[in-house]
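Below: a set of structures, written as C-alpha cells.
Shared chain: chain A. Partners: chain B in the first complex, chain C in the second.
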Partner chain A sequence: MSADGALPAAPRAVEAAVIGAGPAGASAAVVLAEAGCDVLVIDEAPRPGGRIWCAPPPALDGGRPSAEAAAGDSLRDPLGDRLAASRAALLADTVVWSVGRIEGAPGGAAGGAPGGAAPEDARPRFRIDVLTPEGPVAVVARSLLVAIGTTERVIPFPGWTTPGVVGLAATTQLLKNQGMAPGRRVAVAGAGPLLASVAAGVLETGAEVAAVADIAGPGDWLAALPALAREPRRAARGAARGAGWWMACLRRGVRPAFRTGVVAAEGGDRLEAVVLGPVDRAGAPVAGAPTRRVACDALAVGHGLAPATEITRLMRARHVFDRDLGGWYPRTDHQGRTTVPGLYVAGDAAGVRGAAFATLAGAGTGLAMARDLAAAGAPPPAPAREGPVWRAMSRLTRQRPAMSAAISPQTVVCRCEGVTRAEIDAAVDDGAHDINQLKHFTRCGMGPCQGRICGDVAAELLALRLADGMADIDAARRRVGQWTGRSPLRPVPLDAMIGAFTYDDIPVPDPAPL
Partner chain B sequence: MSAGHDPAAPAGRVDAVIVGGGIHGCTLALFLARGGMSVALVERGPLCREASGTNAGTLTMQMTRVALIPYALAGHAMWANARAWLGHDVGTVVCDGLSLAFTQREAEILTYRAGRRCEAGAPIELISPAQARTIEPGLSTHPILAAHCPVDGYASAYQTGRAYRRALLEAGVTLYEGLAASDIEPASGGHAVRLADGRRIVGTRLALCGGVWLEPMLGWLGVHLPIKVLVNQVAVTERMPPVMRTVIGIASGLLSLKQFANGSVVIGGGWQGIGDRERGGEALRPEALVGNVRLACHAIPAMRSGRLVRAWAGLEAETADAMPAVGPVPGVDNAFVCGSVHSGYTSGLYIARLLAERMLGREPALPLFPIDRLLDRGPGTAAAAE
Partner chain C sequence: MTAHRARRDAPAAITLMIEGVAVPARAGTSVAAALMAGGRLALRRAARSGAPRGALCLMGVCRECVMLIDGVRRPACMAEARDGMTVDRLI
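And now, the complex of A and B:
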C-alpha cells in the first residue's frame, strides 16, 4: 500500500489489545500496564468509562459529579497515568470494524476447553482494523480482551419504531452524557433496576414522568431477597441507590405500576401516547383486561441487556446460553479465557452481572492475560467470584418467552429490514429451523445493525415454534443458535475505509482463467 | 420417514439419492423427480447455504470460461425464467453488463477475452468509455475501454434455498436436511448412503453434488479427484440511493458489482479470504476487502458515500483444469458427480439439468464434463466432451 493510502504500511503491534474502556476493559488495562505489558485500549467514546460510567463531553463537565461519574474518574485516572508513561495507550473515538486471527498464528483454531496463550511464542495472533478520527489503523496483538458490554433488548410491540420511542439503557446514556431527557413528558417502561434510575434521572432534568410501568411485580423483586440477604453489604449499597431513585420519584408523585407492560405506542411521525395494560406473571398481556392511554412525547422502554457477542461470534469462540445472564455469551474459564487461544472476555460481554462485577472480573482477566503473556511483574490471579446478588438482579431482566409469544403478527421484529412476526412464522412454515436460515428466508438481521437489535427476539420466536413445550424453550434456543458473526462489526463509511488511492495502489489479482 | 428400530435399516429405497443440496443437487433432484423418479436429497445443513447461498449472485457471460458460454447462455435463460419452471422467485434481474479496462494491459486482455467469448456465442461488443457511460451513467471517467453484453444480471443467492425447498417438496422429493452423509457403501442394485444418525438411504442411482466437499465424497467410492478450494469474499453496502443500473466487472474478472432493487450494492469478484474445506469461509482479509472496495469505487465513484454493512467469505470448488466435474463416476455403476463449475452460478442450473437428462436415460443437449480426464492424465489437460 502507498504511504498516503488508507492502510498504513505496517500495523501497530502491541502485546495486549483491549476493546472497550468500560469497567472491565479499563480495569484489565490498568492491571496489564502495571504488570509491564504493552497494552492498547480501543473505545468508541471520546473518553474511557464505558456506557455505565459514561463521561459527559468536556463542555458539560462543570456540573456536579454523580456517583457513577466519580467511579468513572477513579478508573480513568490510572489509565491516564499509564497513557502518560506510555504503558497503556488509548485509541479513543475509534470504531473497531474487523477483528481476525492472523493466519498461521500460534495456538490453532477455536475449540476444546478454554485455554491461555502459549507464552513462548511472541508472534501476534490477532489483527484489529479500526477507524480513528485520523483515519484507518490496523493493530496486531498477541493477546486480545473483548470487554464490549451489552446490547439493549426491546421486545417489540405495535408502534415501537415510532420516533420518540427510545431504549431504557439508551436513555441513561442521554441522561449521563448530555444531561437531557428524551422528551418533555416521558413514559418509562420495561424491566429491572434501570426503570427507577431513568425515571429519577428524567425528573432531575426537569422533564415530566408520565408513567412508570414495570413488567415485574413486587413478588419478583421479593424473590431476589434471599440472594441479597447472602451479601448484605453489596445488597445494602444497591438498595440504598435504588431507594434513592424511588424516593425522588415518589416525592414528585410518580409511582410504578407493577405487572404492567406497553400494549402499543401511538402516533405517526412522532410519539403521542402509549397504551399500558396489565401483564401476567410470565410477562404476557392479560387478554381483555382494561388498558390505559397515557399521553407522552417519549417512551423509554427496555427489557434487559444481552451480552454483546459480535466479536466473539466472529472469532468463532464457543458460546453458551443462560437466560439469567442475558442469553448467549462466550464460554470462559474463571479468568476470562475463551475457547480461542489468546482471546479473553470480561465484564457484561461474558454474561450480564453488572458494573461492580465487571470491575473485579476485568482486573482478574488482566492478571491472567499478563501471566499468559509471561509478563515478569504479573502476580498470580485471584478469580473473581460471582455473587448471588448480581445474578439475581440480572434475572429480573431476563428475556421472558411469553412476551415474545404475545407479539402480534403485523408487528415489525427486524426494524432494519421491516420483517414482521407473520413473515418469521411463515418462514418457519417453509422449513426455517435455525436463525441463519431465517435470515436467508426473510432478510431478518441483514440490515445495518446486523441483527443486534432483533436477534434475541427472532431466535425466541423460532424457538417458541420449534420447542417441544415451554420446558424445552431454552434447549430450543440452543438449537436455533446465533447469527454467524460477520465483519464489519459496525457499518463502515466506504470513503473512510478506502481513503485516497490511485489505481496502482489496488493489488488487483491475476486474471481468472479464460 | 420411518427408520424402524434398527438403525442400520434402510430409511428408504429410491431411484436416485443426491448428496449435497446446493443449486446443483437441488436442480438435479428437481428434474429427476419431474422425470418420474423417486428422489431423496441429503444435505448436512439447510439447502443452498454454502456457495449457492453466499455467492454474489452474478449471472454473466463476461466471467464465464469460453468453453462454458453455450451452457451459461442456457443457464441465464433458466435463471431469467425461474418463476416459470421453478415456480418460485429467486429475485432474478436481467440487465446490461459491462466489463471495464482501466489500463492498457487490461484493454488488451479485454479485447482478447471479449473476442473469444463472442466467438463462442456471447453477444459481447467492445465499446468506448463514452458509450459505456450512456449505458451506465454512474460510471467513472477511469475506464479506457469497455465490453458490453445485454445478457447479464443477477439473482439473490440468499433466496434460492427457500425457493428450491418449496419446489422440491412440491415435486415429491424427500429431503434429509441437517443430516450429513458419512459414507457410501454398495447395496444390492444400488448405493447406500449412510447418514449421521446411522440410517441408510439406498438409491439405484447416486449423484454427488457436494461442491468443495466432492473430494472427500468421491473418496467414499475410492475415487481421488483433487478439488481446490477458493475462499471468495463478498461485501454488501447499506441501502443507497441509485448509484448504478448495470452489472460491472473488470477485464481480469476480479470484480462484480451490482445494486439490488432494495438499494444495497453487492461487491464481489473472488478476492480471497481465509478458510478451507474444514473451517469454511472463516475470516476476511481486511486488506483484500479494502482492495476490492477500492476497485468498486474506482468504477462507480458514487459508492464512496455508502457504508459497508456486511461481508463474508464463501467457498468455491475448482478442479485442476478449472473446468466442471459433471458426469458418471468411472468404474462405479450408476454413480454420478456434479460440481466445480468455474464461476458456475450462471451455468450451474443448466449443467445440472443436463446431468438429469443423462440420468433419466436421455441424450443431453450439450456434452457433459466427465472426470476421467482429471483422474487418468492428471491436471492441466483440456476438458474432454463426453
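And now, the complex of A and C:
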C-alpha cells in the first residue's frame, strides 16, 4: 500500500453530530434533519432504537413485535427516510472512543482559511473519533448532542461476580434482542418497574421464574400515587402495562416478595442458588431475620440506572447530583444545552426520566440545536415538561445509601481490579477523600470498564464514611465527586485504530549526505 | 445443552468455533447470547483473584465478556454471531 493510500481519511465534517440512536438521539436527529441540518448519528449497536426500542436482528425477527419494538419502528422509520434522503446519516456498530473540542481560532486547527477566516470558522467545533467496522473515522461537528442513556447500577453482594448473575436491564436486552432468558430457572431481584417486565418476559420464553424479590415495599409504590394522580392518563398507560406484566406472573404462580433483597449468590463456575432475605424501609438487610435459599441457574439483578456521563465529564461540562434522577448528570437548561457551548445532552443521560420523556426532550433539543446553528430568530422551542410520573418511577430505583452501607467487608466492589469494600474503607481512612484519590490508592475504577460499573457504589462508600450523618450523605457525594473523564472512552484495540497503516507507511526521510 | 428455550422459532442456522469446538447457534444472535445458550457462562478469569467471570451488563460496558473473536478482542455481547466465527477465551 502506498503512503498516500494509508493516510487517515480527512475528518468527515457535519453541522450536527448525535451520539446515541435511542429515543432521545433519534428524535433529535429527525428534527435536525427536517430543519435542513447536515446531521450524523453514531451508535454502538448494529441498529438504531437504543436499549429500550432495540430491534431484534432481522434473522431473529420472526415473531410478533413487542410494544417497545413497535414504538421503535415508528421512530426508526422516519430516521430511515432521512437516511434515504441523505439528510441524516447513521454510523451503526460504531464505538466513540474520543471526543475533543477544537478551538476555532482563525487559521487554526479548525481548518479556517489562513488570515481570512469567516466569522463562523471562529466558532468551536467538536472532533469525535470513532471506530467503525471498516476502520477508524474522525468526525468534525459544529454542534454535538450526547444521548447515550444510562449504565445499570448493581449494588454488590457476596457472589455477585459468579457467572450467571446478570443485570436486570441487561436481561431486557437478552429478552428483546435475542428472544431468550439468561437461564432455565431465573431469579429476578432489585428495584423498579423492570422487575415485573423482566419476570413476565422470562416466563414468555418458557423459562421458569424462581423468585421475584423487590427492595421496595407496597408502601414505596403507594408513595408514587400522588404523582400518578396528577397525570392520570400517563399513569393509566403505565399502570396498564405494569398490571399486564404482574398478571402474567400471577397466572404462573409467581408472586413478588416485597422488601426483599439478595443476601448472597452461591456457585463456582456457574450460579447454583441465591439467598434472599428481608430488608428494611431503607433497603438494608434486617439483621438476624430468616433467609431463604432459592435454587436457580441465573439471577437478573439491578438497582436502577445511572446517567452515562463519560463524554460530558471528558468535555468538562458542569454536573449536578440528584439521587432521584439517577445520581450525577450534566447540568442543562430546558433545551438540553450544557455549560459547554455547542454541547447538548438529552434523554436519560441528562437525568433518568424514561423513554417517553427522552423522546420529547430529544425533539426539543434537536430544535434548539437547529436554531443555535442557524443563529436565526426562530421561536425558541417549548421546553419538554418533566412529568411527576417519570420522576416518581425513577425515584423507586434511586440509589439507597443503606444498601451500600450493608456491603460486607470482603465483597468485591470493583470487579475489574478485584477491590473489596474493606480496601475502599481502608483507603478512606488513609486519606482518600475524593473518588479520584480512591483510584490512585486502590486501583478501584482503573480496569477495563473504566469505573462505569463500580463508580456509583465506590463514591457512595466514600460518602458514607465521610458524611456527617445520613442527612449529609448527598452533600458528601458532591464532595467525593466523579471520576475525571479521560479518553479512550472505551478500550479499543490499537491495531483497529491504526487501520490499514503498516510499518512501510512510516515516512522515513532520506539519510543526510555523509 | 441449551440454557434457555427460544421465544421465536429460529433454526440453528450457523456454527461457531468456540475454543475449537463447533457449536450451533441461531443466525443473528450475539456471541454472548450464543455462549449463554450453549451453557458456557464462565468466559474469563478475574485479573486479581482468578475467579471465574461471566457476562454482566450485556451492553458493552462491563467488559466481562471480552473474548478473542475472529482474532480481535471484543465484548461478546456487542458482536453479532456469524457462521464460522472463531471465539476463544483470553485468560
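Everything that follows uses one rule, which is that the second predicted complex is superposed on the first by the 464 of 514 C-alpha atoms of A that agree within 3 Å, B and C clash if a C-alpha of one lies under 4 Å from a C-alpha of the other, contacts with A are read in each partner's own complex, and residues count from 1 in each chain.
The rule is simple: a residue touches a chain if its C-beta (ideal position, glycine included) is under 8 Å from a C-beta of that chain, and two chains touch if they have at least 3 such contacts.
No experiment lies behind these values; they were computed from the predicted model shown.
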Which of chain B and chain C A:Ser98 touches, first, second, both or neither: first
First, second, both or neither for A:Leu174, with chain B first and chain C second: second
First, second, both or neither for A:Pro226, with chain B first and chain C second: neither
Partner chain(s) touched by A:Pro491 [first = chain B, second = chain C, both, neither]: both
Contacts of A:Pro513 with chain B and chain C, given as first, second, both or neither: first
First (chain B), second (chain C), both or neither touched by A:Gln437: first
Touching partner for A:Gly447 - first (chain B), second (chain C), both, neither: both
First (chain B), second (chain C), both or neither touched by A:Pro409: neither
Partner chain in contact with A:Ala427 - chain B first, chain C second, else both or neither: first
Chain A residues contacted in one complex by chain B, in the other by chain C: 447-448, 491, 493
Contact set on chain A toward chain B in their complex: 1, 6-7, 97-98, 100-101, 103, 109, 127, 129, 136, 138, 314, 316, 427, 430-434, 436-437, 439-441, 443, 446-448, 450, 484, 486-488, 491-495, 497-498, 501, 503, 505-514
Interfacial residue positions of chain B with respect to chain A in the complex: 46, 48-49, 53, 63, 65-66, 102-103, 109, 113, 116, 142, 158-159, 161-162, 165-166, 177-178, 237-238, 250-254, 270-272, 274, 279, 282-287, 289-291, 293-295, 297-298, 303-312, 322, 342-343
Chain C - residues contacting chain A, complex: 3-10, 13, 26-30, 33, 36-37, 41-43, 46-49, 51-64, 66, 72-73, 77-78, 80
Chain C-facing residues of chain A, complex: 44-46, 51, 56-63, 151-152, 154, 161-167, 169-171, 173-175, 177-184, 204-207, 268-271, 297-298, 412, 415-418, 447-449, 452-453, 490-491, 493, 496
